[in-house]
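Working notes for the structure below.
Just so it is clear, A, B, C, D and E label the chains in written order, and each chain counts residues from 1 on its own.
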Amino acid sequence: MPDPAPRGNILPLDTAPGHNRRRAETAAWLLMAEELRYERGGRCLLDGISFALSPSGITALLGPNGAGKSLLLRLLGGLIRPDSGRIRFDPAFDGSTGMVFQKPVLLRRSVRANLDHALRIARIPRRQRTGRIAELLVMADLTHCAESPARALSGGEQQRLTMARALVNKPRLLLLDEPTASLDPAATAGFEALTREIARMGTKIMLVTHDLHQARRIADDVIFIHKGRIHEQGPTTAFFAAPRSPEARAYCAGTLIT
Amino acid sequence: MLDGQIIEIVALSLRVSVFAVILAALIGVPLGALLAVGRFPGRNLATMTINALMGLPPVVVGLGLYLLLSRSGPLGILQLLYTPTAMIIAQMILVTPIIASFSQQVLSDLHAEYDEMLRAMKATRLQVMGTLIRDARHALVTAFLAGLGRALSEIGAVMIVGGNINHATRVMTTAIALETSKGNLRLAVSLGLILLGLAFVINIALVVLRTRLERQAHA
Amino acid sequence: QSTTSTQNSGLYEYLLPLLEQDTGLRVKVVAVGTGQALKNARNCDGDVLLVHAREAEEAFVANEYGLKRHDVMYNDFVLIGPASDPARVRGAGSATEALRRIAAARVPFVSRGDDSGTHRKEISLWKTAGLDPAAGRESWYRETGSGMGATLNIAAGMGAYTLTDRATWISFGNKAGLEILHEGDPALFNQYGVIAVNPARCPGMNTKGAQTFITWLLSPRGQKAIAAYRLNGQQLFFPNAKGKTAKGE
Amino acid sequence: MPDPAPRGNILPLDTAPGHNRRRAETAAWLLMAEELRYERGGRCLLDGISFALSPSGITALLGPNGAGKSLLLRLLGGLIRPDSGRIRFDPAFDGSTGMVFQKPVLLRRSVRANLDHALRIARIPRRQRTGRIAELLVMADLTHCAESPARALSGGEQQRLTMARALVNKPRLLLLDEPTASLDPAATAGFEALTREIARMGTKIMLVTHDLHQARRIADDVIFIHKGRIHEQGPTTAFFAAPRSPEARAYCAGTLIT
Amino acid sequence: MLDGQIIEIVALSLRVSVFAVILAALIGVPLGALLAVGRFPGRNLATMTINALMGLPPVVVGLGLYLLLSRSGPLGILQLLYTPTAMIIAQMILVTPIIASFSQQVLSDLHAEYDEMLRAMKATRLQVMGTLIRDARHALVTAFLAGLGRALSEIGAVMIVGGNINHATRVMTTAIALETSKGNLRLAVSLGLILLGLAFVINIALVVLRTRLERQAHA
C-alpha cells in the first residue's frame, strides 16, 4: 500500500555522511589520475587514463560493458595497483572512502551483523553502534529483515545493504558501481535523492551506471570510457546535449558495439 | 586385567588429546589465517613448510622432545618427561600443521571472496583474519576433527615422551600397543574399537555444533 | 620367516649372510616381543621362532603349535642404573639383594611390563626377593609397557634402574650416564630357544626351510658363528645347543 | 567505433532455440501455478500464488524489491519446493527449461569451458559442441574473451554469458531474472531483439525486470507481485495504461514502499 | 650401517605412501563428493562415521589387517602379510577418511554456490560431483598433502602388517623406530629429518601444481 509518509531511504539529516565536514575549498581536484595503465592476461584493460576528479558533486562514469569502469573504480579505491601511472590525492583528503561493488559481497551473517561489523572496523564505539545501525536500516529500508542472513536477501535488498554499509564511516569519497542495477523504481528514486543529499553535504561521489536517465538526472559531470580509454569528459548537460566522440554518441543511442 | 584401569586410560587419552587439539587450534588457526591473508615474502615457503610438517613423523617429534626434556637435555630441569604435559606438547606439535594447513585452505577460499570488500573498508590484517575465521568457523570444525583424530590415534610420540607408564602416562594407543606386544590381539582390537567409539561420540557432539554454526551462517 | 627379539643386537645382520652362504636359505626377520611372536606363530605367521621365555615356549610345543624346542644359546641379564648409584646397588651380593636395595631406597626403577621374557625374568627376581612392587602401585616402580630399547631410553631419560639383556645393552646407543651396576649372578642367565612351527597346523608353511634353518643354527658351524659374533669387542651370545648347558639357570 | 554490420548479439536464425519446434496449440497454458506458498525463517515469502502461464510470448514478472520474484522463478524452475500448492505443466511440455539467475553463477573455468560444460550436460555430442560454442560466443558478443576465466569478466559480460548458457539446450521455457540489470544500452537492445526472436520461434519467456520501459517494449503480459502475493495480471498494454491495484500504480510511479 | 640401504628404504616409503594416497584419493574424493552433494537418509551418520574414522588408530588397522591376512586368517591364502601390498592397504585405510572428510568440507562449500545453477541445467548427481571435483581440484591438493603426510609418518600399521623386514618391508618410520629402540637417537632423528625433507620436496612439487591449477581456475 502506498504510504504517504516520506520514504525510508531518504537519509535523515543527522545521519548524512560528511555532514560535519566543510567542503575542501583549496584544491581544484580531490584526486588526479595520471596515465593509468592496467594490463591483465595479456590484454591492456585500461590505458592512458588521465583525469582530475572535481572535489564535489556527482561524477558519472559511463561506458559499455567491459569498458573498464569497474577496474577504474577499484584502482581509485586502492584495491588494485596500476601497472604504470599514479593517482594523486588532494593533501587535505582524509582518505575516507566508501565503496559499493557491482556484485554485492556480504558476510555470512545477519543484516544487522554485517552493519555492525563495518561499524566496528570503522572504529565506531560500541555505544553508538546500535543507534547507527537502526538509522542505517531505516535508510536502506531493511528494518523488517535486520535479523535475516544477509546472503538470503533479495538482489535489491542486498544492494541496498551494501550501500548502507558504504556509508558507515561517512566517507569523503564514495565510489558506486551500478548501485541501482537491481533496485526497483521507488528504491532507485530514493537512492537518487540520497546521493544528491550526500553530495550536497560535501561527499564526492563517483557513480558507474548504465541508466542514462539516471546519469542525466543526478550527475554533475560525466567521464565516458570505451575499451579502456577515456573518450570524453565534461559537464552532464553538454555531454548529453551533443556527445562529441562518435563512440559516446553511439553508446547513448544504444548502438555501440563493444 | 584392564577392566579396572580402562576408565583411567580413556580419561587420560581424552584429556591429553583434547588439550593438545585446543592448543594446536589456538596456534594453527591464526597461522593458517595469516598464510591465507598475508602477502609477505616467504609466504609460499612457509605454506610449504607447514604442509610438509603434516608429514612430521611422530617418532621424530617424540625423540626431539625427549632429547630436549630428558634429564641431561637443555630443558631437563622442568622434569616434564614422562608426564601428560609432555604428551600434550608432542601431540600439539603434530596436530598444529594439520589444523594450520586446513585452515589456510578454507580461509584462502573465503579470502578470495572477502578480500576486496574488507580492504575497501580499510580493515587491518588482524581484522581481516578475524572476519575470515568467524565466517568459516563451521568449516574449521572439520580441521579440528582431523586434528583430534590424529591426536587420539597417535602413538609414536606419546610412547616416547610419555613412556606408557602404568597409572601415569598410559593412554589408549600405548595400551593397545602393549596388549599387541603381549600377543593379546583381540583385547588390543577391542581397545581400538573403544577408542573409535570415543572418536565417534566426540564427532556427534562436534557435528551437532557445526550444524548449528552452519545454520547460523546460512553458508 | 622367523620371529624374535634379538634384532637390536645386530646378530641377524651378521648371521644371516653366513647362513645364506652355507645353505642358500633366505630368511626374513620379523622382530617382535616374545609374547607377540608366540601369538603370531599360532596364527601360522612365521616358520621358525627364536625366543627366550622357556615356560611359554614349552607350553607352545606342548599345545602342538610347534614341533620341538631346541636350546640355541644364552646370554645374560644385567642390572643397570645411573653411575651415581643412589641405591648403592654396586657391591650387592646377588641380583635379589640389588633389587631389595632399590626398593628400600625407593629410587626409580623401570620395568618393561610387557610380558616379555625379560619382564618375566624381572618378575621372578622380585618374587625371589620377596617383593611385589607392581601390586602396590609404588610410585618409584614404573611399568613402561614397551620394548627393551624404549625402556632403556626411558631409564636414560629419567635416570632409573632397569633390567636388560646384555646384548641389547652393549649395542644400545643412548647410554646417557647409565652403566652396569650388577651382573654375573647365575639367576640372570637368559636362554634362547628355537622352535619350528608345526606344519600339521599350518599347511603351506616352509617346513623344509625351517628345518634347514634350525639344523644350521644348531650345527657346529652355526654355533661357532654365534660365538664369533662380537659387538664393541664383546661376545654377546654363548652357544649352548644340544642341551649341553640346557639348564641356563 | 560504431559498426554498420548487424550487432553480434542478434541471434542468427539457425541457432535460435526451439526453432524446429511447433507451437503447442493444444493447451491454453504451459504451466499452471496453484496456490503456491513458500515460507522461510518464519516469514511467509510467497502466498496464494495462482496463475496460468500462456504457452507463448513474453510474460514480465514485476514487483518491488523483495516481492518474491526470484523465489517464484526458482519455484517454477523446480529449484525449490513450495510448502503447499503445486505447479502443473502442459503434458506436451518436454521439461526443457533455461534459467538466468539474478546473480551470475559461473564455473571457475574459462568462458569457453563454461559453455562447453553446459553443452555436455545437455548431452550435445562433442562434434557439434565446437560449432555451437562459436555461435553462442558470437551471440553473447564474447568471442574476444572466450579464453578468459569466466569469473574475471565484467558484470555485463558475465550476464551475457549466463544468458548464452541458458540457451544451450534450446529450451521451451526460459526463466530470466533481471537479465539486463548490468547490460549497457546496446546490449540491452540486443537482448530485447533476441528475446523477441526466441519468443517468436516458440519459446515461452518469463522475464523479471525493474525496467518498466523494457517490460512495456517486449512483454506480452504482466504479472505484478507485491509482498509475496499477486496483485494484478493482464496484458501489458492494459497494465501500463491503467494499473488497477493501488500497489501497481504506486510501483509504476516509483513511489511504492516495500 | 644405513648409508647403503637408505635409498632402498626411502624408495619403499615413497612407493608405499604415494600408492596408498592415490588409492585413498580415488575412494575418498568421490565419497566426499557424494556426502557433499547427496541428500539421502543416513548421510549425516555417514559423515560422522568418516570423521570419526580419522581417529582410527593405526595399530588397530594393522591388527585388523593382520588378523585378516594372517595365514590362518580368512584372506591368508593371498599371502599378503609382510609385503608392501599389505602396507599400502593399511595406509590407504588410514588415509581415506582424511581425504574424504576434507573433500566433503571443500566440496560442500562449492556446492552451496553451484547447486542451483547445476540443477537448473538438469545435471545428474554424477555430473554435479564431477563438476565440483574439477573446480575444487586445487583445494583438494591440500587434502592429498594431509593424506600423504599421514601416510609417510605413519608407523603403527606398517610395523604390524609389514613387519619392518630388512630389504623387504622396512620403511623410514619403521627404520626410525628400530634405531630408536637401539638407542641410536641421533641417527633416528636424522632419518626423521630426511623423511621430512622428502615430504618437503613432494610439497614443493604439489604446491607448484596447485598454483598452476589455481591460476587456471582464477578462483
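One rule holds in what follows: a contact is a pair of C-beta atoms (placed from the backbone, for glycine too) under 8 Å apart; a residue touches a chain by one contact, two chains touch by 3 or more.
Since this is a predicted model, take the numbers as computed values, not measurements.
Asks: Minimal path length between chain B and chain C through chains that touch?
Replies: Contact-graph shortest path, chain B to chain C, evaluates to 1.
Asks: Please flag the chain sitting at the greatest distance from chain E, going by CA centroids.
Replies: Result for the farthest chain: A.
Asks: Which two chains does the highest number of contacting C-beta pairs join?
Replies: Result: the chain pair B-E has the most contacts.
Asks: Could you pull out the chain whose C-alpha mean position is farthest off from that of chain D?
Replies: When every chain centre is compared against chain D, the largest gap points to C.
Asks: Distance between chain A and chain E based on Cα centroids, please, to the nearest Å.
Replies: 50
Asks: Averaging over Cα atoms per chain, report the distance between chain B and chain D in Å.
Replies: Here the centre of chain D sits 50 Å away from the centre of chain B.
Asks: What's the distance between the Cα centroids of chain B and chain E, rounded to whole Å?
Replies: 18
Asks: Can you list the chain A residues in contact with two or more other chains?
Replies: 152
Asks: Two or more other chains in contact with one residue: find those residues in chain E.
Replies: Residues 66-67, 180, 185, 219.
Asks: Could you check chain C for residues that touch two or more other chains and list them?
Replies: Those would be 40, 147, 150, 153, 156.
Asks: Under the stated touch criterion, can you name all the chain pairs that qualify?
Replies: Taking the chains two at a time, the touching pairs are A-B, A-D, B-C, B-E, C-E, D-E.
Asks: Quick one: in the complex, what on chain B touches chain A?
Replies: Per the stated touch rule, the residues are 113-114, 116-123, 127, 131, 135, 217-219.
Asks: In the complex, go through chain B and note every residue touching chain C.
Replies: Interface residues on chain B, with respect to chain C: 66, 69-72, 81-82, 159-160, 163-168, 170, 174-175, 177-178, 180-185.
Asks: Note which residues of chain C are touching chain B in the complex, please.
Replies: 32-33, 35-40, 110, 113-116, 137, 142-147, 150, 153-154, 156-159, 176-177
Asks: Write out the stretch or stretches of chain A touching chain B in their complex.
Replies: Touching chain B from chain A are residues 74, 77-79, 95, 97-99, 101, 105, 107-109, 117-118, 121-122, 149, 151-152, 169.
Asks: Touching residues of chain A toward chain D in the complex: what are they?
Replies: Going through chain A, the ones touching chain D are 1-3, 7-8, 40-41, 63-67, 69-70, 102-103, 141, 145, 148, 152-157, 160, 177-178, 181-189, 210, 212, 246-247, 249-258.
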